[in-house]
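Lettered A, B and C in written order, each chain numbered from 1.
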Amino acid sequence: MAVETKPAGAVADHKEMLISGSEACAEALTLADLDVVTAYPIRPYDTVMQAIAKKIANGHLEAEYIVAEGEHSQFEIVKHASTVGARVFCGSSGVGWMYAMECLTVTPPLRVPMVCMVGNRALDDPGAFGVEHNDALVVRDLGWLLIWVDTAQEMLDTTLLAYRIAEDRRVFLPIAISADGAFLTHSQTICQVPSRALVDKFLPRYDRGDLLLHPDNPITVAPQANEDWVIEIRRQNDEAMKRATAVIDEAYADFRKVMGRGPENPWFEEYMTEDAEIILIGMGTISLPMKVGIRNMRAQGKKVGLIRPRWFRPFPTERLVKALSKASAIGVIDRDYSFGSPFNSGVVANEIRAAMYNADKRPPLLSFICGLGGREVTLEDVAKAADMCYAAAKAGKSDPKTHWLGVRE
Amino acid sequence: MAHFTCEVVYRGIFQKNLAARICRGIVLSARKAGRWGIAFGRYGDSPQRNGIPAKDFAIVADSQEELEQNMARYEPKEVDVTICVDDTLSKGVESWAWYGLQPINRLTVSGGTVLMTSLQSPAALLKDIHKKEAPYTLALIRAKASFSGLWVYKEDHTEARILGALAKIQPEFLSLDAVCQAIQEAEWGSDLKVASARKAHERLETQPIKITEGNAEIPYAFEKPKWWEMREGVTIPAIPIGKPMEGGKGYVPERNPYFKKYTTRTMRPVIDFDKCVKCTLCWIQCPDSCFDVTPEGLYDANMESCCGCGVCEAVCPAKDCVTMVREDAFEDNASQWEMWRTDKAKYTTWMTDKIHSKEHITRSHGFRFRGQYEEEIKKDLEQGGIEITAGIPGENAAGKK
Amino acid sequence: MADTAFTNATQILEPFKGVKKVTIEEYFTSGHRTCQGCESALVMKLMVKAAGPRTIVLGSTGCMYVANTTYYTTPWVVPWMHTQLGSSGSAALGTAAGLKALMKKGKMKSEPINVIAFCGDGGGADMGLGAISATLTHKEYNSLILLYDNESYANTDIQLSGSTPYGANTTFSPPGSVKRLIHTRWKKNTAGMLAAGHTECRYVATVCASYAVEMMNKVRKALTIGGPTFIHSLDPCPKGWDYDPMLSHELGELAVETGIFPLYEVENGVVRHYGKTKAIVEGRPRKPVREYLLKQGRFAHFTEEDLGYFQSKVDEMWDKWEIPGVIPFWKERPGAK
């Protein structure tokens, strides 16, 4: 009798599938027993909605699937479904996400734990489908949890974790999972997909508790308020975001226990940082060419490492500062822009600068903008960034000028 | 005194334009004397609602720096003069939820003035105006409250008279001549209005009020919760469901404890229970759900909730069953049905007395037809007295009179 | 798990047989910061009185949001939630879909719960028209969208909307010395438009709270019939229209008796005029529009020409329209070839 062998990297109680980031998300949603989802077409995120439609049509998932007439309605519909206790999912890209902006602002104070996928896409104008991070970043002040993933596996796992974290009563905040358009949403890789039994051990039911909108719990949600009330309400949101950190650590620990796999550090991935002289930083799939570039540089004797932040909100200030302090210079590659900001840097660079401000050891920090609108980040770009960091490390100080890499000039 | 602060307390919407004219008039008058000023509405009142008490402010100072101290704020902490353009506001002001009942003289400084348009005597007014822990002056302009609306204004010279009176109260900031000049130049100004201002200046009645004088009622107040005491998710409990009134019959709704609304009214319905035909129309058409249903199926307007709109009188088909009577005829919010139930004869006497007081001072609050204000003003001038504007028949007009 | 299997049933709310049979309980109670004589507040009261306690109400931004819950307070007895200005359609749909999903999957006890989303004329007929339209195509979800029309963006201190009558004075259309009428658009025919455009929506009706029992019965019918439904209520507004609050009831009647606001329902595609409107269709003369218009300060600047024009447009609705007061198609146009 032939003995069935599992391929290398297979995990117990998981099955292997060749799926894209969007499809991985749909797998997770099926396992999470999603209740209500709303769809509206815009590239590149909407492949996830197409995947969900197939799951429903073929009887794998029972959920109310509503095609809205615009992103504003799309997000408002699931916001309301969540208030009556339904587990919901939504998503968009680029200007579609912008069209939903009014809903995006109200869901954090309403404490609606909607899980969304943002297929990062350049904002119009020009109309372009390629990846930029500004769409998801736009909500960074409002109370959303924000996380960037870089593989389909991570997309799947993060979707499950997202429900666990967002729907925790201590948190009850919406979460956007950012997946780079095309590179992640559309590319298919081998993923380990857990069984329903495993997921049920990890993910409890959504229980809205005393905030549930139902005739058995008569409440008024969001009465009009004035200067006597608003700052207190904001303070509550501040507290919820602060509590999220512990909830995130707990959730990942539980994930590792149940699934038998998963990152030790939820907050960011560290690649060859143990002895790194130069640490480069990038979010999302930019990590892939960066890792290749780093291996090449290592072969040349250059000790370069990578930190790929996952969680952007809450921002893991202390941990990140600790990890970065040991470097001789830091290079942040933003796949976004923030025109007119300090040093005209990207968003991530300015946040890391702010995080480092009070650190005992503040290595020189260089800011790079690269890969906008889906332009590939090349190995030359990575090497150039690293070399400039080496120069700064040698000089002992950073040039605050922001460098645009890969622009035809 | 290097600056002078004034508040105008008024009936929202009905007197919105009047209050704005007064405050602007104060600043423009002070400008004539080389002073700086700012006029503003209270942002928290916005959007204003018909009848709900609102406040506008005018602040005048000798220098720009002093003026700056008072800018970018929602309201001053104290005022030199409180101008009240509807004397039913003497009973107190409740402008929004959690506001509580605030006495008309609450912001008035010690030794300041409450300037009111009223036809009542000071003694009558002091039954309503709460006691203050400091002395102040009560100044009266003999006039009916001036009610208009957003689009059509009643040119009865109230703003001119107030400005003239202010010149008497605060001459060091507003001389009569400066006031008259500002009125003359205003887009709503005229020679006649200047004359009215001068007359008001002449005829102003003042009376010092001691700390022992006034209504002894303790006005209700609320304490706001801390941020961690508030339920998360911008959520508050709903109002509980109401209950039968007595013996399982009738109905009394639970009501919002944080906003009662009775300081909105300038008149209240007086009900002749013996005439009631139990048609239910007052109860069903009341936008404020004021009517408690009694065990025998009568309708008792709850006087904490009634805001005096007059719809009940308009829709009631029974002749003289519901009559709107000016608010200053009453001293409490007692239940009329309880009074009637306890002693029907006594109630009839009380009720008859109140209804007849109507012939002196029924209020019209608002526009009913084009040319109405001109007619009213003309009649006022001709008769030297007060125009009574009666209600307009409602749904069952044929059944009335 | 679930006590009963899910059937997507609605509550069976029988029409009130007269005013004495109306529910005594109040589900929208005293203590809201609305104007004296606010007819929209009356609509809220009657709407939930008709719907009963097993109801969830979603209220979009506007007077019936801000005035009712100023500041951090509530007059609502049933569960109520704020939604965005243009979101009444989405709120109705999302709430209904959430409840349905949970009940179907046994995650919540199955019972018919009324879902009512309300909007003003600004939020509903302007900004949120697209969302309402979408919801009316979703026959598998039960809800009522109630549009309370005070003919302006009232909560922001009276600005004109697509439902403001021709020539009315608002802060965006003040009659000035050079331009007397800034607003010369004719009011949108919202109820007719929605009824005509959504053939699977089983119920659209127009109501006026001056006719309280009929209004409540239309609400009951909408909640009972199943699927998404729409009701348009005309609400005289003492603040925006500038009149003595005690006239609120009378002005509602006059709006109907002049033919300006027709009362009708479209039930499973069948149009029925009712109340005083039915009498008009059967030949009773309409009161002249001036009787209604000149009782309101917002038309105090009207000339005879303005009144004449207004009258002619209302005459058209009754004399020329294919379905009087409802559908504005003419059989033929004089002079057109």
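For this structure, a couple of remarks:
Keep in mind that, in the parts below, a residue touches a chain if its C-beta (ideal position, glycine included) is under 8 Å from a C-beta of that chain, and two chains touch if they have at least 3 such contacts.
This is a predicted model, so every value here is computed, not measured.
Across the assembly, the mean Cα position most removed from that of chain B is the one of A.
The central chain here, found by comparing per-chain C-alpha centres with the mean of all protein C-alpha atoms, is C. Should one ask which of B-C and A-C has more C-beta pairs in contact, the pair is B-C.
Centroids built from CA atoms put chain B at 56 Å from chain A. Note: centroid distance chain B to chain C, computed from Cα atoms, is 32 Å.
The mean-CA centres of chain A and chain C are about 43 angstrom from one another, to the nearest whole unit. Looking at chain B, residues 44, 96, 98, 236, 238, 240 sit in touch with two or more other chains. Each of residues 53, 66, 70-74, 76-80 in chain C touches at least two other chains. Looking at chain A, residues 218-223, 225-226, 228-229 sit in touch with two or more other chains.
Those residues of chain C whose C-beta lies close enough to touch chain A in the complex are 53-56, 58, 65-66, 69-74, 76-84, 86-87, 89-91, 93-95, 97-102, 104-105, 107-108, 113, 130-131, 133-134, 138. In the complex of the two chains, the chain C residues touching chain B come out as 19-20, 22, 24-39, 41-42, 45-46, 53, 63, 66-67, 70-80, 154-158, 169, 209-210, 212, 238-240, 242-250, 253, 294-298, 300. Residues 13, 44, 46-52, 96-98, 149-152, 236, 238-242, 251, 253-261, 264-265, 279-281, 284-290, 293, 302, 304-305, 307-311, 313-315, 324, 364-370, 391-395 of chain B are the ones that touch chain C when the two sit in their complex.
If you check the complex, the residues on chain A that touch chain C are 33, 35-36, 38, 62-64, 66, 68-70, 72-73, 76-86, 88, 102-103, 106, 205, 213-215, 217-226, 228-229. Those residues of chain A that touch chain B in the shared complex are 109-111, 172, 210-211, 218-223, 225-229, 231-233, 235-236, 239-240.
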